[in-house]
């Protein structure tokens, strides 16, 4: 079992299965990136190097944002504990109309090399959407995500978080509707309106082969700490 | 009548019709695989060998997961009481654009042989979706599922559970919308939110030719035991 | 007026118009087949032979299921009071792309002969969906159902029940959306959730040219008896 | 102003504008045909002959149904006070793919002649759907309905009721979505569920150029009388 | 600022911006035509001549309806204070497949001439839908409505009301979904059901560059007066 | 951090990240233009010149409207503190069917020059919709918006507000569904109905890398001041 290191979470879910892939999902602004980076930073504090695969976003913005938030990402990188890879649009563009397994090979090949350099134990891909280069094709999408997860698990061997955006106002669990079936677990981040107040929530929606109750927790975002899970929503509202 | 062996269930539904097919359905993370495997494991404990047809998933992950959960699947296999078959994507791929009965023949042929080896009395197909190789074609789908069920029932003769995923957030009963009409019974697994607490629920939605009341039960997942049906949701909320 | 013979129903609706066609509709598992067979069995007990047209389902399963339920269908058949016809897929397949009236002629011709043999007074077609061989074509569907009903009423002369499945989770009254306009009456079977308990319900949705109030009744399924209508849902919940 | 003659209605709405067209709409089984026929029968009792244009339905069934209901339609016909015209499918079929005004001409021509014979003052077309021979074509539909109404009003001169079915479960006001804009008034018939009881309701949705409040009334169906409007739904529920 | 002259409205919204265009929208039967005509009639009483552009409706019906309602429209026309123009279908038909600005030119040209004759200060187009001759084409529609509004405002200079029908049961603000973005203000007329009573409501949904609160008012329809705004819905329900 | 200068807002959110882009979104009539202009006017008062890019709207109407509202926009322009650019339809039209980066180049080029003239620190684009010249193409749209934001941030360097309209009645966060993922923050303006009263609301939906709670505030529109944020909706309703 792998401890996430996220304050208040491990004592409730017991941790993650080593070498498996978990989905972190939610609408925009619900804290998916912070959740994922907290997972890596806490891993590093426990001695497990990590890789952040930043898809189609600017490296400098990411590093500066994390820094503003209170995480000295650059220092972790120079210590060889963290690596932030960027898969930019021109890389993605070249993969268009290629078969699913070719695309996966290209992505995994690049990641694999970097993973070995720092002996990474944890990996985040954030977000998965721009990698879906043949988006309209459902069969391609299913095969692609399955292959990607299998390759991450069998060839790289890290414990993985895959970030998927839920279109705002939708009741779906993920962008493409297949990620949740293929993941070993699903964390849904949300903004829950109770009367006229919003709570940031973490719903443990699925933990394959694990007797974890499907509870909704309230969490805070704290500078330098990231995600801090407080109590069950039910308890907080009862109090 | 076949006892499912699932704790708390048989006294309520009386069991299943021998040689018929039942649908187990629900969104991701609701316990469909655990329900189905509990059905097989309990059958084995009552002396009925079983076959688990794992569609498009990894054999090792399945066996390790079951093991972590407290079920020594490998030992059951070596005793000749259980068989876990895998229908992997390359097998499925070759069936594309074939007529529905050809596809069914290929699948059933492989299963039939294995069923005879261990004289299986119970069978699970989990999940049915990747077998729907010509997914868009409604007529093909209906004919395919009907043929598959008829062949399982007439040629193999096992009592069957077919697992179907409900897309998250949908009000449908099954992935393709025809499975429920063709099954002899339907069990719907769910996560029911009552205020801010979630309950794992089992809804006995349909039992053909049987005067079983359409009740919703709450169940737990317990390591080594699998599904344990507690009480009616109505009673639990009243308490 | 034709008494349905369903316990608790006739005193409330007064019976059916002789020689007309009624729609029995509902989601899967709501008791449509039991309702229809109760109508035939009770007719036989009142001396009116009946025909059950089983569409695209197995004759043996049907007879065994009815037998398990407590109805000795085979004995009724051998007494010449009941006939169970099956319209199997190969028959249906041959009608594809034929004009609506040709399809109706083929179906009615087969039924007509059998009806005369036992001088049937009641007829059930269960379900109507697989007969819709050109399903996508709305104009064809409307013409087909209208012709079928006219032919049943004008050429065969039985009082008819036509069974139509409502896709689960839909608010429609029937599968094709035209059956209810063409029928002389509509019975909607349902599972009504009141808090956390489900009731089996019968809603008398339409009775053409009859001052029948549009009430919802609760019914039970009893072995050997079939459908037993109890009281209005409103009264039961008030009690 | 034309009195409808429907018991309980005229004192509330003041009557209809002479020579204009009103829409009677509602789901199946809500009483549209009874409403329309009550309008004609009451007109006859006040000395105004009427025409019932029965579209795509059987003349004998209609007459027998009305007779069972307590209205001696045949006697009214033989007295030259009522005429029941039928526009059957073969007539309708021949109009397919013709321009909207040609179709209207054919329909109106047939009606016009009959109207003159009995000097009809009131007219019902029930239902309008099968006349929509080019259903998919929105522009055609709008033009067709507008032309039909203009022709009824300008060339025939009767006060008209046009019956339109609302697909069950829809929130639309009419089948084609344009009828309500073109009519001088709209009566919506419904089945309103209040807790577990259903009320038959009449909603005066629109009365062009008239200060009629948009109220919902409860009505009964009484043999020989037809529609009998009782009180406002609000008053009945308050009582 | 232009006073609408509608009783109870101006003291709440302060009036309209001179020379701008306002949208009056709502489902059928909500009072859009009465609102618009009240605006013109009151303008005339304050010495501002007005033009009513009646699209695809009968001139005689309009004049007779207004007359029945208590407004002597013909006398106002003969005094040169009012003009009722009709854009009939044959005029509209000829514009099909023409570029948006050509269509606008044709419409505006006809209006412009008439506006000058009576030196109109106010103008109503009721309704806008039939003028949308290339309805399916979203880009054309947006460009067309924008051009029409610009031309009305820049070349004619009247203060304008444009009437748009909301399809019944929709949550949209207008028929084409672009009118509300292009108008300087939006008045939504509705029928609001509170328990079992309906209120006629006027919702001031948008007033560009004006600090007008977004309130819902209840209004009456009174013969000879037209729209009479009473109080806020909130106040009326509280009373 | 950049202070917005909007009364009542900065003490709650701490300000915006300098050089990043924020989305202001909401249905028609919710105050998006006022919010954006308040942001520029307050910036000017704090010594930061600003550019308002008015897309497909009339310059004179904008200036007159702002003036009526109490803002002397012309004087600010003549002082070189404000510039109002218009991107009119003919400019937009010429970009059709061009690649996304070509379109972005054309737009940014024009803005860049003007920005330098007055050394603008803040920029508003209102609204973004008409710039989406190849609207149907999702991939084009995503690439276009991403490129536009990157170019504004990297080449121009202003802190930006991008205005996007939410179609009325939709639950989406923005017109094209991708803006919210690409922005550093999202402000949702709304009209919230509580019983029968409407409140103007500002929902801080997303603030990337910032521990800002997702609260809903009530705001007023005041002449000469613009947006004035009052209190949390929850507090106001509790009071």
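Order of writing sets the chain letters: A, B, C, D, E and F. Residues in each chain are counted from 1.
Operating definition for what follows: a residue touches a chain if its C-beta (ideal position, glycine included) is under 8 Å from a C-beta of that chain, and two chains touch if they have at least 3 such contacts.
In this text, all values refer to a predicted model and were calculated from it rather than measured experimentally.
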item	value
Set of chains whose contacts include both chain E and chain D	none
Reaching chain D from chain B through chains that touch each other, fewest steps	2
Partner chains shared by chain B and chain E (touch criterion as defined above)	none
Chain F against chain E, contact positions shared by both copies (same if over half, else different)	different
Rotation in the CA alignment of chain B with chain C, degrees, nearest 5	60
Mean-CA-position distance for chain F and chain D (Å)	53
Length of the line joining the C-alpha centres of chain A and chain B, rounded to whole Å	30
Chain B, residues touching no fewer than two other chains	none
Category of the chain touch graph - line, ring, star, complete, other	ring
Chain E partner contacts - residues on chain D that touch it in the complex	17, 20, 138-139, 143, 146, 150, 170-174, 177, 180-181, 186, 205-211, 213-216, 232-234, 237
For the chain A and chain F complex, residues of the former touching the latter	27-29, 33, 56, 58, 65-66, 68-69, 89, 135, 165, 167-169, 191, 195-198, 200, 220-223
